[in-house]
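Chains here go by letter, A, B, C and D, matching the order in which they are written, and residues are numbered from 1 within each.
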Amino acid sequence: MNTFGTLFRLTSFGESHGAAVGGVVDGCPAGIELDLDFIQSELDRRKPGQSRLTTARKEGDRVELLSGVFEGRSTGTPIGFIVRNADQHSGDYDNLRDVFRPSHADYTYYKKYGVRDHRGGGRSSARETISRVVAGAIAKLCLRQLGIEVKAWTQQVGDIACERDYTRLDLSLIESNDVRCPDAAVAQRMEQLIMQVKGEGDTIGGIIAGVITGCPVGLGEPVFGKLHAQLGAAMLSINAVKGFEYGEGFAMVDKRGSEVNDILAPLSPPEGGTQLEAYKGNEAPSGAVWGALSNHSGGIQGGISNGQPITFRVAFKPVATLLQAQESVDIHGNPVIVHPRGRHDPCVLPRAVPIVEAMAAITILDAYLLNQATQLK
Amino acid sequence: MNTFGTLFRLTSFGESHGAAVGGVVDGCPAGIELDLDFIQSELDRRKPGQSRLTTARKEGDRVELLSGVFEGRSTGTPIGFIVRNADQHSGDYDNLRDVFRPSHADYTYYKKYGVRDHRGGGRSSARETISRVVAGAIAKLCLRQLGIEVKAWTQQVGDIACERDYTRLDLSLIESNDVRCPDAAVAQRMEQLIMQVKGEGDTIGGIIAGVITGCPVGLGEPVFGKLHAQLGAAMLSINAVKGFEYGEGFAMVDKRGSEVNDILAPLSPPEGGTQLEAYKGNEAPSGAVWGALSNHSGGIQGGISNGQPITFRVAFKPVATLLQAQESVDIHGNPVIVHPRGRHDPCVLPRAVPIVEAMAAITILDAYLLNQATQLK
Amino acid sequence: MNTFGTLFRLTSFGESHGAAVGGVVDGCPAGIELDLDFIQSELDRRKPGQSRLTTARKEGDRVELLSGVFEGRSTGTPIGFIVRNADQHSGDYDNLRDVFRPSHADYTYYKKYGVRDHRGGGRSSARETISRVVAGAIAKLCLRQLGIEVKAWTQQVGDIACERDYTRLDLSLIESNDVRCPDAAVAQRMEQLIMQVKGEGDTIGGIIAGVITGCPVGLGEPVFGKLHAQLGAAMLSINAVKGFEYGEGFAMVDKRGSEVNDILAPLSPPEGGTQLEAYKGNEAPSGAVWGALSNHSGGIQGGISNGQPITFRVAFKPVATLLQAQESVDIHGNPVIVHPRGRHDPCVLPRAVPIVEAMAAITILDAYLLNQATQLK
Amino acid sequence: MNTFGTLFRLTSFGESHGAAVGGVVDGCPAGIELDLDFIQSELDRRKPGQSRLTTARKEGDRVELLSGVFEGRSTGTPIGFIVRNADQHSGDYDNLRDVFRPSHADYTYYKKYGVRDHRGGGRSSARETISRVVAGAIAKLCLRQLGIEVKAWTQQVGDIACERDYTRLDLSLIESNDVRCPDAAVAQRMEQLIMQVKGEGDTIGGIIAGVITGCPVGLGEPVFGKLHAQLGAAMLSINAVKGFEYGEGFAMVDKRGSEVNDILAPLSPPEGGTQLEAYKGNEAPSGAVWGALSNHSGGIQGGISNGQPITFRVAFKPVATLLQAQESVDIHGNPVIVHPRGRHDPCVLPRAVPIVEAMAAITILDAYLLNQATQLK
């Protein structure tokens, strides 16, 4: 289905080569300042042609809000929006009319719906993510009022990775380079790799990492609406994503509980003593602050946020559309050689960063509203 | 929320130390033979005390179907079921009344709901998964009619792993050992590791792998209901899960598109020739079968099943409850030493295998039913 | 589907002649005192055999809460509950095995599901409403904390009706007679009519009226979740209901706007003056209370509660099961004479009063919780 | 919320004086011919200014489909659409900036959202129904393939009513007069009444009746998704609706079961005999057709369609906006005289006919898809 969320909901529509893409944001609380410049700036982070690392397609991608706003603020009613399609070069796809591209959604869409819309992927095109970025920007404007912030960055491209522990990174540097990696030196190597892959007409995968700060305790609805299950579903719904983990994720499988449990303790030890021994067996001083000594868990326990930063990572495959000849079959089952002429990204990571942030923001705001709704006030 | 699924839905209830756990399966198609022995046998695969690898708790765990069945078959109306709790040893938990266990849901539940139900984890207990296994068994009975089969197994415990490619494993061996690993030699080493960890009062994580065969093309609803997004949400909702991937997952991030694209081709080459060159540029012989030459994608493209086996992996952390002393704080913020006395699993993987299968079965059946609504009949 | 509500949700199961009926209440806020005596007393208002006006079936109908309660209070986790079936007299229905009763759900269930569960109506039996009454009682306990009260009563049986304007009735008298009509004289005539109809082996319809007081302004979600649309769906889901109206309902169709608009005005006129003229064209005194001079609208405008009492009426048909011979057909299309032997109500109104209240309470609590999500807090 | 439906879903947006109204239709089966002329013609039936009976506002109301269509047919992906607003005369509403109109949604929206969008009712404006008519037209195009037809008409205006039994009306005449009543003589009197009321600056209510033919047995999901409960919720969500009934509705409350049960019988009696006696006690001839001898039930039993025509009636109040002076209060609680200058309908019935049809079509198609999805094929 094309709706995401329970109380803060995005319903999205649009294909790459139709008249427009757009959506409806339902459940945006009333009275939020809908800063159109900010929304547009988020879209600009996603748009093609922004650097030599991305496709050469130029898409203006101006968002128009059609409803739900009055005198600059949200009214509580649904926010309809559209982004017109342009610069479509549909002709680029004529040679694909009867062809299934390898590892692409062409075949599965055709079999599911009985329709072959060959123009640039149709609904399976990444252009669909425009709606996510617009809704995510609106969610961010809401979260800003709550002191909650969502950040994502390119943590790995191919085999080149920056530090995994985000506290050792300077996240203010994310936007300082085209690849959106907060480590400048690593970013440079990532860019070199992407340019090399591009030169070969090939594509490359990678990992986007994210952190959500300022989240209160209590978000997430047991047992099936666990916060990380919602977050995972959000991320896995993005094109080209193959995996999701939170906290230490897959790296936890060969650890012992005694290694990765997050010990709770008073966090303000008395002078001269080590933290835990100081209070052991005694009453903590009144007003002592306590918390966890580590965050292996990634800010979520039992599916509910625990107040610590929420950390997660998303695995992207190398996108399927190569600018190389590949063997495949046509709609009749005959072998063909596919040679795409479209303009495509050699690596989706740089442009996927704002999409990951958008889906995280929508998920967290939705969880916030649900949590707020489920207690009598 | 405590409901999973759109058309085939499980609504679950129950805490570890209440009167019963249970649930309601809504949307089970009518006329399915509800083989109670099979449902019970699935529960038995999950139950504690089944081998020396698991907790010593003995839970009879007899399921009672209360509705939705007439003369042995489903009627199309909701199937209510309960499993009474017993052998509860609530006393084991008295010392935890005011204590938050490290990396446990105690604290987050307490803050979210304002209630401290200290008896064995309450709703966050793995006993909640009983309902999933019952619903999953019913889903399996439906899928069996469609020729769809779900299999899961312990692929890794700590750093001991069997072959990742399931086609090189003999899945009929899964139930032949206590750890549920289809490679007998590896299974033995896993068991040794678990016994060692148990001896130390510690816990260990691992990976469960799964494969779904017989799935038709077309399951999964773009764009937010992508099949792997639903499957991921299902898996991430299981206690102790920290990550999910499908197909080659995280291992794809450092690959090139040209390495991991699944090439489509006629699959029955003429005598004497290699497969693809034989047909190149020619019409394939009438009736030629074609398909993909590999399955890096894991059976899903663009969020829709492509008819190949669906493969996925689920990362489990070492469970938080150790039989060791650990530092923590109590409800007043005072430091305490926690020393659980309950009976707990040193490694949840063996008993989690049927839970993973259950959630996969529910997800696939739900997607199957949803797909039926895609075209007018 | 068998789930009602968005945030406060009842999932219900059970047939008249299965092992039990029951349900799961999900989304009950934590910390609510779950007064079991009150819940049982609500069930007792619904149970058969409570007076000579109802069926002679005796059903003990003891509710058992299985989860979601700790030390007498709700924990925020789902509340599972069951009521065992007993005194089933399934033999009464043997003669119906292959017969479709006129105006009954036998035929439609059979065609929809392909199963003929002839024992007392199966899922279409009014026994299903037990779950509604239990969930409604829990909802009432929540609403009580908010100062919201739901009352329903038998306003009409056949052509015998009491006053329609509830402000002219003494609602404290509802439970003072078997028919649950707050006008004692009218109640007596209603009872006589029901006894007469019963003597003839026939059945009779009627109207249940309801009022919800203490409801704050703002409940109801435009545009499809209008409060009265939710309330209407709730009422129309009750067996034998044929119509729903709120405020003056159908009686408004031949009125003019100038007759039925609810004029807003300051409600505390200065001494000696009539209300509206006094302030006309002037500032109202600071702190003047204002409101509507009438309530033709029934407490809802634009689908949102306006703070006035919410009034509605529900039309019940005479139930289809007569204790008379009726012509019909069997499963093979052959004509038969149906002569039910079961024990049935000649008029469902008296026992339906608590069901109407229950569905109203669930609806209002759900709307209350949803409204809490409308603005960021 | 602003989404209606489960599998065939409309998500709607837009205010009367924003840039556009529109929506997203999700779940439209693939391959349906989306006849744009038909969709536009349905909109034209709803538009203002179409006759002297309606408001003088001229709204061009051209619909633009933005996605989900390829070469004239639905693709299975969401259909986004917009209708630009124009001819807004916002100035007409300046005098209402701080005023609450009697019996209007001004006050409840203001209190719920804290925003006063005074321009023509904002989201509560009937302009919102444009989206319903577009989605309904798409639903009708789907239903046409299934042989299902939805018809509605003005059955009563004020106290002037045509025949209630639709089988005695010639429904082909509905569009032959401005009031959309299939009885020409009655239509003329209705028009006279409306013109008289209009001359007085007043408004008048009425009843729209509807019938759905060609519906197969089996639509509707027990117990909360009863077909008439869904239909009722659909109708009650339309502006100005105060009541809903199906079959004989409220007229059944003073009937006996023996009067209104729909007797089932073979429908092709042998020569010379009366219908029922002919077969009594004998086998019906092979292939004998049987069915109900009446349709008091209105085509639904136990919440499931029984194959007979589905009949229902919808009560509309006189709309609240009069072109008369009315007393009210402003946002500060001061008394004011409201004198609307906008252009408004004296009677909404004629233009509401296509809206009722649209909501019925959406409901029935959704029920059809649900029923189709819930059985294994």
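One rule holds for everything that comes next: a residue touches a chain if its C-beta (ideal position, glycine included) is under 8 Å from a C-beta of that chain, and two chains touch if they have at least 3 such contacts.
If you're wondering where the values come from, they're calculated on a predicted model, not measured in any experiment.
Novice: Let me spell it out: compute each chain's centre from its C-alpha atoms, then which one is farthest from chain C's centre?
Specialist: Relative to chain C, the chain with the farthest C-alpha centre is A.
Novice: With contacts defined as at the top, give the pair, B-D or A-D, that has more of them.
Specialist: A-D
Novice: Between chain B and chain D, what distance separates the C-alpha centroids? Give it in angstrom.
Specialist: 45
Novice: With chain centres defined as C-alpha means, what is the inter-centre distance between chain A and chain D in Å?
Specialist: Inter-chain centre distance comes to 41 Å.
Novice: Two or more other chains touching the same residue: where does that happen in chain C?
Specialist: If we look for residues of chain C contacting two or more partner chains, we find 1-3, 12, 27, 30-31, 76-77, 112, 123, 222, 374-375.
Novice: Considering only the defined contacts, which chain B positions touch chain D in the complex?
Specialist: Interface residues on the chain B side: 7, 27, 29-32, 76-77, 142, 145-146, 222, 369-370, 372-377.
Novice: State the interface residues of chain B toward chain A in the complex, per the touch definition above.
Specialist: Touch residues, chain B against chain A: 1-4, 6, 12, 100, 102-105, 107-109, 111-112, 123-124, 128, 156, 158-159, 197, 202-207, 217-218, 220-226, 228-230, 232-234, 236-237, 239, 242-250, 252-266, 276, 279-284, 288, 290, 292, 296-298, 300-306, 315-322, 324, 326-329, 332-335, 337, 371, 374-375.
Novice: Okay, in this complex, where on chain B does chain C touch?
Specialist: Residues of chain B touching chain C: 1-3, 9, 11-15, 18-24, 26-27, 30-31, 64-70, 73, 75-80, 82, 112-115, 117, 122-123.
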